[in-house]
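Below are two complexes that have chain A in common, paired first with chain B and then with chain C.
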Partner chain A sequence: MAVEAVVMGTVPVVTAEHVSKWYGQVIGLNDVSVSVPPGVTGLLGPNGAGKSTFMKLITGQLRPSKGDVKVLGEPIWRNPHLYFQIGFCPEQDAFYDRMTGLEWVRALVRLNGLTEKEADEAARRALAAVDLMEAAGKKIGAYSKGMRQRVKMAQALVHDPQLLILDEPLAGMDPIGRRKTIRLIRDWGRAGKSIIVSSHILHEIESMTSNILLINNGRILAEGDVHQIRDLIDEHPHTVYVRAEDPRRVARQFLDDTTDDVRSLRFEPGAVVVETGRPDAFYARLTDMAASGEFGAIDEVTSPDDNLQAVFQYLVK
Partner chain B sequence: MSPIHDQSYRHYAGVKAPLGRSWTVIASAGIMTIVRKRVFLAILFVGWVQFFGRAIGFYFSNTIQQLSVLSASAETFRSFLEYQGFIVFVITIYVGAGLIAQDRRANALQLYLSKPLLRSEYIVGKLAVLAAFLLLVTMVPALMLLLVQVVLAGSSGFLKTNTFLIPAIVLASLLQVLLASVTMLALSSLSKSARFVAIMYAGVLFFTKAIFGVLYAITGTTAVAWVSPGENLAQVVDVIFRLKPRYATPWQVSLLVIIGLVAASVSVLERRVRGVEVVT
Partner chain C sequence: MRVFDLSVSEMLWSRRTIFMALVVGAPVLIALFLRMLDAFGAPVFRVNNAMMAGPAIFGLMIWVFYLRFTVPVLGVFYGTSLIADEVEDKTITYLFTRPIPKGAVLMGKYFAYLACTLFVVLPSVVIVYLSIVPMRGNLGASFLDLLKDLGLLAIGLAVYGAVFAFIGARFKRPLLVGLIFIFGWEQAALAFPGYLKKFTVAYYLQAMVPHAMPNDSVVSLIQGVFRESPSLVESLVWLAAILFVFLCAAAASVERKEYILEQ
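Then we have the complex of A and B:
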C-alpha cells in the first residue's frame, strides 16, 4: 500500500513530474519536477511565484494542465479517499462568522465519517492543540487574525492526518501567536507528521525546518538545506510591518537597542514599518516585547515579499 | 536530552468512513440550520394551512349532505398541489437561495472539497436540504389529505376508485420538487449573494410567465406555453392526474423542456461547484 510505504519513509510524500498549470494565457507553474520527502518542508517564494498553485495542485483542487502529481504515493486528482490522510489549511479565511470555533471544526470533521460525539471530542482535542480551547465557544466573527489562523489549523489536523499542508499559516499573526504556531509545527514534525508549509518569509520557514523548496515565476529554483542561501538573505535589508497599539513607543524601543541593526523606520496609521539587517534578532526581540506587555498590544506582524524578491533576483541572475 | 520520536511505520489512527455517505452530513447540517429559524417555521405553518382547510372541507362534505360540493376528487388533489405552488416558491427562495451562494461567499467550498467528500455528494446533500422541506409541503400533506378523506368517509371506496392518486401525488410532487430544487441550486452556485440569487429565481419565473402572456396575446394560442417552466410543470401534472391538459402545447414537449432544464442545471452545478474558482 502506497500510503504505508510513505509512513515507513520509503516514498516521498509528494511527487510532481513535469507539472505545468496554465490559467488561460497565464502560466502558474512551469514544468515542475520535485519530490518532497517526509518531514517538514518549507515552500518559499514571493507572492505570485506559484506557491498557491502548487498547494492547490497537491491538494487536488486543481488539475495539472500537464504532468502528474502524486501525494502519499497515489494520484491526488479525483481521489478524495486520500483526504483521510491529508489536512489542508488554506491561506484565505473560509468561515461562517456566525459559528463558534468548536461548531465549525466539529462540523468539518464529521465529513471524515466521525459520529457527532466523536467529532465533538476530536474538535476539542484539535482546538486544545492550537491553544484555542478558551475561545472555542466564541463566534469566529469575533476572533482576531491569529485566532482565525489557529482555528483553520485546528480543522486541518482534527482528523489526525499523515500529511499537513499549510498555506501561509503565519500570515498576519501577532508575535506570540507566531511563536506558538512555529513551535506547534516543529512539534508535529518531530512527532512524525509530514508538513508542507508555504511562506514568502525565509525567517519563518527557517524557524520551522531546514528543508526548503524555493519557487519563483512558476519554477522550482532550488531545493534542500535552507542554510545554503541563508547568507544571501542577510545581505538584503528585511522590511517588517508592525501594527501596534502604540507604534511610537514600539519604534522608540527599536531605536534604543542597536543590536537589531534597524536601518530605517517609518510610520503608517497605527503601525510602524521597520527595515532591519538582522531579522532573526529583530523577530526574537519583537516577540519578547509583545510578551512583556510593556509596549501595549502588538497586533500584527507582516513582511512584504520584496525582501525575498531581492534574493530571488540575485539567485536567477 | 531531547526525546527521539519514532518516525517509522505507524497505523493511521483516524476513522475511515466509506466515501459516499458524507452527503448526509451536509444535508443534516443544512436542515438543522434552517429549522432553527423562527421565520422558516412560520412559513412552514402557513404551508399547512391549505391542508387543514381542505381537511375541514372533507369533514363537512362527509357529514353534511348539502356540502357535498366540498367532497374529494382527483381534481381536488391536483388543485391542492397547484395552490401549494406558492409556498413551494417561497420555501425555494428562503431555503435554496443561500445553499451554495453562502458557501461560496465564505470560501467554504475549498475546505469542504479538501475533505473526503465528492462534489456529487456535496450537491446531493444541498439538494436534500431543499427537497426535504419542499416535500414536507407537497407530497406529505397531499398524501395525508388522501388518508384524511379515507378515514372521514369510513370506507376505502374513494381510494379504490382512484387508485392512481397515490402514484400521481408522489410523481407530481417529486417532479415539482425536483424542478424547483435543481434550478434553484444551479442559480445559487452562480453567485455569492443569496439575495441576488433569490431575485434571479423570481425574475426568471415571472419573466417567462410574462413572455408566455405576451406570446399568447399575439398568437392567440396556448401552444407557446412551453416558454414558461411553471406552465410546463402545470401541463405535465395535469396529465399525471389524468386531467385534460390546460394548454395546446403537447405535454411531451413540456416534459422535454423540464428534462432540459434539469439537465442544464446539473451541468451548471458540475461546472460551478469546485474548490477553486479559476478565472482565465
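Then we have the complex of A and C:
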C-alpha cells in the first residue's frame, strides 16, 4: 500500500526521523530528520560527512542507533521484501572478479526470484542500458574502473526498481563515461524513477538534479535547490585530477585554449592536477577533448573533496 | 538455492581451495606412496612381526587424517568464513540488498560449503580406500565400512560446518575461536572422565566410527582409556540436534547483525 502511494508520488521515498548512528564512540549521523521526495535527489557532502552512513541506513545495511528510517513508506531494517523496489549501487569497488559481467548481474537478479531465462534477459537489458553489452562476456577482473562502475549500476537497475540509490556512481569514471552516466540518471528520473545519488562534487550533482541534500559532520545542513549552493562554490577554486595517457599533451591543450578556465596546474605520475575557477566550462571542455581522441586516452577524472570542504567551512561559519 | 548457485563456484575457486587441496591431498599421496612401497615388497606397517592388513591401515587413516584433522579443520576454515569472506571482500552488500532474508544467504552459503567439501573429501577417501584396502585385504568385504566412513565424514562436515558457521556469525575472531574449539576444548574434554565430553561434536562422531581407535599419542591413549561411546541412535540424534540448533542460531545471528565494511 505504502509502496503504491510512493509510486503515485504522494509519499516521500525516504523519511528519516531523528536518526542517529554511532560506531562505538564515533558518531556517523547526528539526529537527522529529512524527507526525500520522489524524483532525483543529490546527497552532497565531503568524505566523512555521513553520506555513506546515510546510504547504508536507507538501504537497510545498518540499523539506526536512534530514530526511524522508512523507505517507500516502510521500515527498511530487516525488511528484505522492500528490495524488490530498491536498487543499490555501492561505493566500494568490490566484485566476484572471476565472473563475467553478464554472469554476475544474472546471478544477482536471480536472487530477486527471476527464472534463469528471465534473469538472462533482464541482465542483458541492464548491461545494454549502461552500454556494457560488448564487454558482457569479459571477466569483471579485466574491466576498467569505468566499466566496473557501470556493471555495478547494471546490477542495481536490473530488476527495474522504483528507487535507485547510487553511492558515488561517477567516481573514477572517464569523461565520456561520466557524461553517459549523468544522462542515464537524468533519463531514469524523467522516466519516473526516484534516484538518490551521492557525490562530493557539486558539479556532478548539479548536472543530474537541482534537488540536493547537503550533509556535513553527520548532519543535514540544507535541503532544496542546488543553485544557491553553486553560487557559493564558484567563489572557490576547484581541483580536478586527470589521469591520462599523455598528461603533458592534455595540459598543453588546457593552457592553449582561450576559455581561461584553468588557474593553475601541476603534474603527478601519469596525471595532471588542474585548479579551475570555472568547473562547468572545464568539465565540458575535458569531455570534448576525451571524445575527440586527439589527446590520447583520458582514463580517469576525480576531484578531491577539499574543494567542497572549503565551501562547507564557508557555509557553517 | 540461488545463493548456493552463486556461492559454490566462488567457494571452489577461492584462496581456501588450495588449502583444502593440501589437506585432502596429503592422505591420498601417503596412500599411493604406501601402496607403491608395498608393491616393491617393503615392510610397511609391520607390527609384532605381522604385517598390518590394508583395511586396518585404512581405518587408521580415517581416524588420524580425516576424523581428527580434515573434517574439523575444513569445518573451521570454511564454516567461519561463510559470511566473513564476503565481508572482507566487501561483496556482502550485493547479497544483503536483495529481497531474501540474510539468514537465507547464510543457509545458501552453508550448503555451498557442504557441497564443496563433500565434493573434494569423499572422492579422496575413496581413492585412499582403493589404494590401501587391497593390501592384504578385500575390497568387497570392507565396502560396507567405506560407506559408513563416507556417511560419517559427511555428517561430520555438516555438523562442524554448522557449529563454525555460528562461531563465524557470532564472534569477532572466529578462526581463532574455532581452532581453540577443535584443538583445545574437544581434545581436553575427551581426555577427562565425566560429562564434559558430551559438549563436543567429536564424542558423538567418534562413536560411529567402524574402525578401532588408534593409540598414536599420549592424548589419544588417555582418550582411549576414558572412552565411552553413546549408541549409534543417540549419536545421530545429538548430532542432528547440534546441526539444527547451531545452523538456526547462525542464521538468526546473521539476521540481526550489522556488517560495517571498512572504507
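One rule holds in what follows: the second predicted complex is superposed on the first by the 315 of 317 C-alpha atoms of A that agree within 3 Å, B and C clash if a C-alpha of one lies under 4 Å from a C-alpha of the other, contacts with A are read in each partner's own complex, and residues count from 1 in each chain.
Here is the rule we use: a residue touches a chain if its C-beta (ideal position, glycine included) is under 8 Å from a C-beta of that chain, and two chains touch if they have at least 3 such contacts.
Values in this document were obtained by computation on a predicted structure and should not be read as measured data.
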| item | value |
| --- | --- |
| Chain A as common anchor, with chain B and chain C clashing or fitting | clash |
| Partner chain(s) touched by A:Q155 [first = chain B, second = chain C, both, neither] | both |
| Contacts of A:P75 with chain B and chain C, given as first, second, both or neither | neither |
| Partner chain in contact with A:G137 - chain B first, chain C second, else both or neither | neither |
| First (chain B), second (chain C), both or neither touched by A:R110 | both |
| Touched partner set for A:G270, first chain B, second chain C, both or neither | neither |
| Partner chain(s) touched by A:G224 [first = chain B, second = chain C, both, neither] | neither |
| First (chain B), second (chain C), both or neither touched by A:Q92 | both |
| Common interface residues of chain A - those touching chain B in one complex and chain C in the other | 23, 59-62, 80-81, 83-84, 86, 88, 90, 92, 94-96, 107-108, 110-113, 155 |
| Of all residues in chain B, those that touch chain A in their complex | 5-10, 12-19, 21-22, 25-26, 29, 102, 106-108, 110-118, 274-276, 278-280 |
| Interfacial residue positions of chain A with respect to chain C in the complex | 23, 52, 59-63, 78, 80-84, 86, 88, 90-92, 94-96, 98, 107-108, 110-113, 155 |
| Complex contacts: residues of chain A adjacent to chain B | 3-4, 7-9, 23-26, 38-39, 56, 59-62, 80-81, 83-86, 88, 90, 92-97, 107-108, 110-114, 118, 155, 159-162, 190-192 |
| List of chain C residues in touch with chain A within their complex | 2-3, 5-6, 9-10, 13, 89-91, 93-102, 255-256, 258-261, 263 |
